[in-house]
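For reference, the structure discussed in these notes is given below.
A, B, C and D are the chain letters, set down in written order, and residue numbers restart from 1 in every chain.
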Amino acid sequence: MTTRVLVWNENVHETTQAEIRAIYPDGIHGAIAEGLTELLGDDVEVRTATLAEPEHGLSEEALAGTDVLLWWGHMAHDQVDDEVVARVQRHVLGGMGLLVLHSAHFSKIFIRLMGTTCSLAWRNDAERELVWTTSPGHPIAAGIEQPLVVEHQEMYGEHFDIPNPDEVVFISSFEGGEVFRSGVTFTRGRGRIFYFSPGDQEYPVYFHPQVRRVLANGVRWAAPADGERRLPEVTNPARRDWLVQPV
Amino acid sequence: MTTRVLVWNENVHETTQAEIRAIYPDGIHGAIAEGLTELLGDDVEVRTATLAEPEHGLSEEALAGTDVLLWWGHMAHDQVDDEVVARVQRHVLGGMGLLVLHSAHFSKIFIRLMGTTCSLAWRNDAERELVWTTSPGHPIAAGIEQPLVVEHQEMYGEHFDIPNPDEVVFISSFEGGEVFRSGVTFTRGRGRIFYFSPGDQEYPVYFHPQVRRVLANGVRWAAPADGERRLPEVTNPARRDWLVQPV
Amino acid sequence: MTTRVLVWNENVHETTQAEIRAIYPDGIHGAIAEGLTELLGDDVEVRTATLAEPEHGLSEEALAGTDVLLWWGHMAHDQVDDEVVARVQRHVLGGMGLLVLHSAHFSKIFIRLMGTTCSLAWRNDAERELVWTTSPGHPIAAGIEQPLVVEHQEMYGEHFDIPNPDEVVFISSFEGGEVFRSGVTFTRGRGRIFYFSPGDQEYPVYFHPQVRRVLANGVRWAAPADGERRLPEVTNPARRDWLVQPV
Amino acid sequence: MTTRVLVWNENVHETTQAEIRAIYPDGIHGAIAEGLTELLGDDVEVRTATLAEPEHGLSEEALAGTDVLLWWGHMAHDQVDDEVVARVQRHVLGGMGLLVLHSAHFSKIFIRLMGTTCSLAWRNDAERELVWTTSPGHPIAAGIEQPLVVEHQEMYGEHFDIPNPDEVVFISSFEGGEVFRSGVTFTRGRGRIFYFSPGDQEYPVYFHPQVRRVLANGVRWAAPADGERRLPEVTNPARRDWLVQPV
């Protein structure tokens, strides 16, 4: 069964800063989409969408046709329409997988799904990041080196104010000595969420073969097991005789 | 160290329905406060607040002076001011303990902290509820019978749409055969949250000695270990030489 | 990629009690194997093994060729050789999936992997069991009715003395009012473990289409994401310059 | 209520190596006991026991009189009697708190309670360890600096083969770039377990004021909420009419 993937990117750095466009000529979304297609081939059908599109490319129809959504945002979190955020949340709770990337820890959708500030420590000093697998049997860690080395990356450090994750798959360290839970999973409603921090507009992290492998694994993992999209809802059932089949 | 407890109740049923006032003449908040005082004595200082008060009795000052907040609401969730909800959330994330009771699963504050719909199945048919301890060493279960029997109670059933709890302390069954995770804990920011479902305006559940014991245990458990109230926040630290003391 | 499944059953009831053989003429292992083959078809290659075989059919070679092992035992737990148990544990920690069924909560292998007593309450009174899904987006719950109804089954009740599971997928209630965490997952080493309680020698539970669906889902879920079988081990690495590729 | 603490140490390095005795003249147990007494005062009654004592100082009576046991071992894990290990396990499952320290990750008791290999990466190179709090509201983190700095310490690194912890309170980084889940909690039976890695015979870590604070917090956290010591056990209850009080 083909997994329908939608890579969303605010696409502001790339369209307003030449030095970022030089790193990501097809946008961060383009680089991510390329990596997923390369690794997952016919198992996926990959589309992209950006902030500037009508409804940010996240119409009801677009989301209804998406099994897994990837989200990258940084400087334009505030420009994302609240109605669209509520719609994305409904789809996640109804079963759509969600991968939240790097600075999207501060996206409206992630904060809403977590219920916390999602704050952290940061420093942009081109530090080496080591991504250590702490859950080696997890499907998202399949084929990942111990450690995955990112040559230059923005530092993200603890305390990362998120709820206790279901699973901590990766923990990173940085040259300056900080640590960060860089790969964590959550369940919200019927949806599965994976947050992965390596990836920044100033460094070509989304071309890193191992980072691409993590995202491909994440897409597989977050894809809904059944095709159903159904928001959990209140019910008011009558008492039943359980041994008689319901009508 | 005295734990400062604030019991919040919308107090609408009791002031508008004579049959509910007959069950809870001092309000649900009054019954809960009485139970906490009875069981925890000088270890706590118990106050109450209701929806009708200015700022719902939840001013910045009131919350700053609260270690653990208990929240009961049902028919007036919508009347709680969004600004007050945001304020309560900040205090929870900053370290204030929160006990969410029964129909407050649908309170604005709980939904905001969970990020899910918090929906469930329900049926008001005066069913017997059995509350089974699944985590017998947990401080909240200390002194609780196996099972705790509630003679008549509204049925709440799965699926209860909440994030995976940190711990499932109690699971209930009802005469009709439904089950419910009736006592669950969460951490959000620096705050500890305990949701406990037994307790309804139509039944005298908050006079039940064992229910009172659970709430008293919950207050002890949720009280912050240190006195500090501090919202997690973004920092941008410089690289440090860790073996030299910071100034 | 074909998942290699091994269904292990002590096969003592079926060979010594005519009334049990009447229910499971091909043994419990036969019924389970039939269900998996029916539902998973060419995605799996299903073998069976029993206590009476040399090394209980669990030689090093047999386990090396197994992706997911299912384990059913009841009256002969003590007859399982400790060396074989240690071998199974090594394979689970190395990445083999394990499904632990019903009375195998008291198997040597499960107790060893859990570190607890794995005790519970029980009563064999042919009670109706309702299996409620508490994690509807979990792959193991795909296609399962809410609730799954088992007409007659032995009661298993809380407190079930297991470590906090990674996820609680199912919670059951019984006619007598007891509840039980009947479907729970664990990670141990690189291996994924699913315990599922419905299934008893006295009732034809393993012919129940929905129970078969749960087991098939469980096999898919527990199958290792990569083919590697590798026991976690101590290492003593030298300090490295991370930006230089290791030899 | 006074918490009865027993600090257990194999006490082999200190009695056989002069350079270790120079660091810990009263033994590692003596340094730990001193720290607990200093910080917890009359709230605790602290005793010590060592491998060389009859039954290693861990008789049934000694354990029955212990609320929280701390365990340090390294080179003599094998010399701990299996019967004593089984006894300690029973007491933990029955409600006794357990703090497992540093190289005791490889103690028989910890491996038995975890069910995994408990293996890790290590390197003894006097590296600086930074202990970061990832759960700032947790009672064990109360009063702990961000980060806690240990000047020289043996490196312990991931992958640390333990079950998913209930909570990850601390994550460490080392000069060489490795990370480690250095403070983690577990529940087993009715007992609460805290593993904390900083602390080695070659470095005076147990004199570090902040390390002492962590251990004192850990003792408070692990102490059983009620006085009861009761191993979870199998029961075979008859069906009951729940609204009639049991005899």
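In the analysis below, a residue touches a chain if its C-beta (ideal position, glycine included) is under 8 Å from a C-beta of that chain, and two chains touch if they have at least 3 such contacts.
Treat the numbers as computed from the prediction; the structure is a model and nothing was measured.
K.L.:
Tally the contacting C-beta pairs at the A-D interface and at the C-D interface, and name the larger one.
P.N.:
Comparing A-D with C-D, the pair joined by more C-beta contacts is C-D.
K.L.:
By how many degrees does chain A turn when fitted onto chain B using C-alpha atoms, rounded in steps of 5?
P.N.:
So the angle, rounded to a multiple of 5, is 180 degrees.
K.L.:
Using only Cα atoms to place each chain's centre, name the chain farthest from chain B.
P.N.:
Centroid comparison gives C as the farthest chain from chain B.
K.L.:
Pick from A-B, A-D or A-C: which interface has over half of its contact pairs in common with B-C?
P.N.:
When the residue numbers line up for over half the pairs, the pair is A-D.
K.L.:
Would you mind pulling out the distance in Å between where the CA atoms of chain C average out and where those of chain D do?
P.N.:
The computed centroid separation for chain C versus chain D comes out at 32 Å.
K.L.:
Go ahead and note the Å separation of the Cα centroids belonging to chain A and chain D.
P.N.:
Here the centre of chain D sits 37 Å away from the centre of chain A.
K.L.:
Which residue numbers or ranges of chain C touch two or more of the other chains?
P.N.:
128, 130, 135-136, 147, 157, 159, 164, 166-167, 175, 177, 187, 189, 232, 242
K.L.:
For chain D, which residues count as touching chain C in their complex?
P.N.:
Touch list, chain D to chain C: 89, 93, 112-117, 119-123, 125, 157, 159, 161, 163-164, 166, 175-177, 186-189, 231-240, 242.
K.L.:
Given the complex with chain A, which residues does chain C contribute to the contact?
P.N.:
Checking each residue of chain C against chain A gives 95, 128, 130, 135-139, 141-143, 147, 149, 151, 166-167, 187, 189-192, 217, 224-226, 232, 242-243.
K.L.:
Mind listing the chain A positions that touch chain D in their complex?
P.N.:
These residues of chain A touch chain D: 128, 130, 132-136, 146-147, 157-160, 164, 167-168, 171-173, 175, 177-179, 181.
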